[in-house]
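There are two complexes below, and they share chain A, which is joined by chain B in the first and by chain C in the second.
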Partner chain A sequence: MLYGTGEFPNWGDPKSPASLHVSDYYIEKTFEDTGVPNFVTAVVTDYRGFDTMFETAVIFTAGLGCFLLLRDFRGKKEHYYRHVPTGVILHVKDDKKTLKVGSEFEYMDKEWVPPDLINKTVCRILIPFIQIYALYVVAHGDYSPGGGFQGGVIFGSSLILLAISYNLKTLVKRIKEKLLGIFAAVGVLIYAGIAAICMPMGGAFLDYGKLAPLVPGDPHHIRALGMLGVEIGVGIAVMAVMVIIYINIVSEGRHDEGL
Partner chain B sequence: MHWPIDIIVLTLVIFCAIAALSVKDLLVTAILFGAYSFLMCLLWTIMGAVDVSFTEASVGAGVSTVFFVAAIFRTSRRTKD
Partner chain C sequence: MSDLLSLIIAKYNYWLYVLLMMIGLYGMIAKNNLIKKVVGMNIFQTAIILFYVSIGYKTGATIPIIKSTDTGHGVIIRAAEYINPLTSCLMLTAIVVSVATFGYAMALAVRIYQRYQTLEEDELRMRLSEE
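What follows is the complex of A and B.
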């Protein structure tokens, strides 16, 4: 194998087969065609938009597969509760006997350790900034590196950070499982929807240029806007799927306790 | 002149990969894979593929390490072989 690599073209060689055929076209014509300065985004979401659409569908399928394989609706036989004023932990072994969760008692994990004050505070301060950064990455996908996938993953990991620094219940209470499922599907539908709207407007599937009459503003900018819409769809789907996978793995599908 | 950095990072990548395969503790393997992904991300940056390196940093070094750790948390930490 090492001997074989000696025959490879040099790195960045303009005469190598990979840069001979289409690269020149993209480098010269991308800005003219699409009005997007970042070629990579233009290639990924416009020239080969079909590929990216099915990539998003693959991500969605990954989340769906994780849900179908791991989700366990049976619930636990034993419950742990913590008496909030005193901090005493109750272990209820009888499935029928449940305590009312409110200001007096709260649900508790078996492996519960008190959340560290420093971790909690640092994460609480950091999470909004991470989320703003994720939105920035999605919104600037056509100007700078990044885009829907990266932004979605960063947003999803900020939610995972919430689950790690507090506990899983905090996350599940704030973002319901149903909502995550809807987000994952809506993301894919936004992508497919924007692509499909192009067809009644007289273009081919994913031909963003034909959307110009629908959007006020500079018609030269329409392809960039189409890409932005598509990136937002990808971001929503990826964010939701990352959180779904994390919750299902870490709680063995029961969505009650975990890391 | 970016040759030395290239070579150093590449050596570290190979070192991380071999270490991740030979270590018995799976948690260490997960962290080593995170380091591996991060070094790969540096390598992509050196080669000028910033989009790829961004994806590698967020997906490879970030979320997938968390998934590995979560999976180890629910299974066992020791390998059989």
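What follows is the complex of A and C.
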């Protein structure tokens, strides 16, 4: 393999085989064809739309696989509660009896550590900004570096940060598991749906240009809008799947304790 | 000898990726722990990603986002001024797939640990033969 590198093109050679045929077409014609300044987004979601659609399906399948492998609905027999004002720990062995968790009692488990004020405060301030940045990355995928995958991962990581800085229960309480599953499926459906709508409008699958009569505004921008819709779908799916994988792995599928 | 040295210096990026790939392959084959195998697979994927990104690079070119001077009508866009967008696209999707496969592999490892209480391959084989 090392000997073979002698035959390889030099680093930074504009005439290297990878940069010759279809790549030049993408660079020279993308703006004319689609009106999108970011070539990468245009190639990912328009020229190579099928690839990205099944890519999203792969992500969805990975999330589904984690869920099916790990999810454990049985729950634990024993519960620990902590009385917040005094710090007394209650051990409830009966499965039926549960204490109301609120300002007075809170859940606890083997890995319980005292909540860290600095961690919590910093994360509480940062998380909304991370989420806004994620939405910006998704929405500006056509004009600047970014797109659905990247924005989705940033949004998912902000939710994971919530789980790390507080605890897993806080995250699961904020975003129900069912909602995450629906999000993952809806993201894939948005992509496939936008692609499928193009067919009754007289185009091929994923031919965004044929959507022009449905959307008011300049028909020149229709391909950019189609890409934006697809990117939003990808972002939702990636965000939901990241959180599903994280929750299932750290808690071994019980969704109660863990990092 | 000087031939070899000049070859290495001219193509050092490829040599680095081959080295990285071999580290990953060694991890996948030689390590006994399943998590270490998965990490080896990730290193292997990283080598491939870096390789693709580097063959898309062009000297003196900029990122594949159109410059404002090129947006007018009748302007001819020269391909040599932008790096290759195709390799970046392929690797964009490859990174996401690597995250998905990593997550799934971790889930499988968690299940194996729940059932056999170990992630070492030889111990696993022993437990399997006992059954």
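Convention: the second predicted complex is superposed on the first by the 255 of 259 C-alpha atoms of A that agree within 3 Å, B and C clash if a C-alpha of one lies under 4 Å from a C-alpha of the other, contacts with A are read in each partner's own complex, and residues count from 1 in each chain.
Following the convention adopted for this analysis, a residue touches a chain if its C-beta (ideal position, glycine included) is under 8 Å from a C-beta of that chain, and two chains touch if they have at least 3 such contacts.
What you see is a predicted model; the values in this text were computed from it and never measured.
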| item | value |
| --- | --- |
| A:Gly146 touches, of chain B and chain C: first, second, both or neither? | first |
| First, second, both or neither for A:Leu90, with chain B first and chain C second | neither |
| Per-residue touch tally on chain A - higher for chain B or for chain C | C |
| First, second, both or neither for A:Trp11, with chain B first and chain C second | both |
| First (chain B), second (chain C), both or neither touched by A:Val40 | both |
| Contacts of A:Ser157 with chain B and chain C, given as first, second, both or neither | first |
| First (chain B), second (chain C), both or neither touched by A:Ala62 | second |
| Partner chain(s) touched by A:Ile249 [first = chain B, second = chain C, both, neither] | both |
| Chain B/chain C common contact set on chain A | 11, 38, 40, 145, 147, 149, 153, 242, 245, 249, 252 |
| Chain B partner contacts - residues on chain A that touch it in the complex | 11, 38, 40-41, 137, 145-147, 149-150, 153-154, 156-157, 160, 164, 242, 245-246, 249-250, 252, 258-259 |
| Complex contact set, residues of chain B against chain A | 47, 50-51, 53-55, 58-59, 62-63, 66-67, 69-71, 73-74 |
| Footprint of chain A on chain C - complex, ascending | 7, 10-11, 13-15, 18, 21, 54-61, 63-66, 70-71, 76-80, 82, 84-89, 92-93, 95-97, 99-101, 103-104, 106-108, 110-111, 114 |
| Residues of chain A that touch chain C when the two form their complex | 1-2, 5-6, 8-14, 16, 18-19, 22-24, 26-28, 30-31, 37-40, 42-44, 48, 51-52, 55, 58-59, 61-63, 65-66, 69-70, 143-145, 147, 149, 153, 238, 241-242, 245, 248-249, 252-253 |
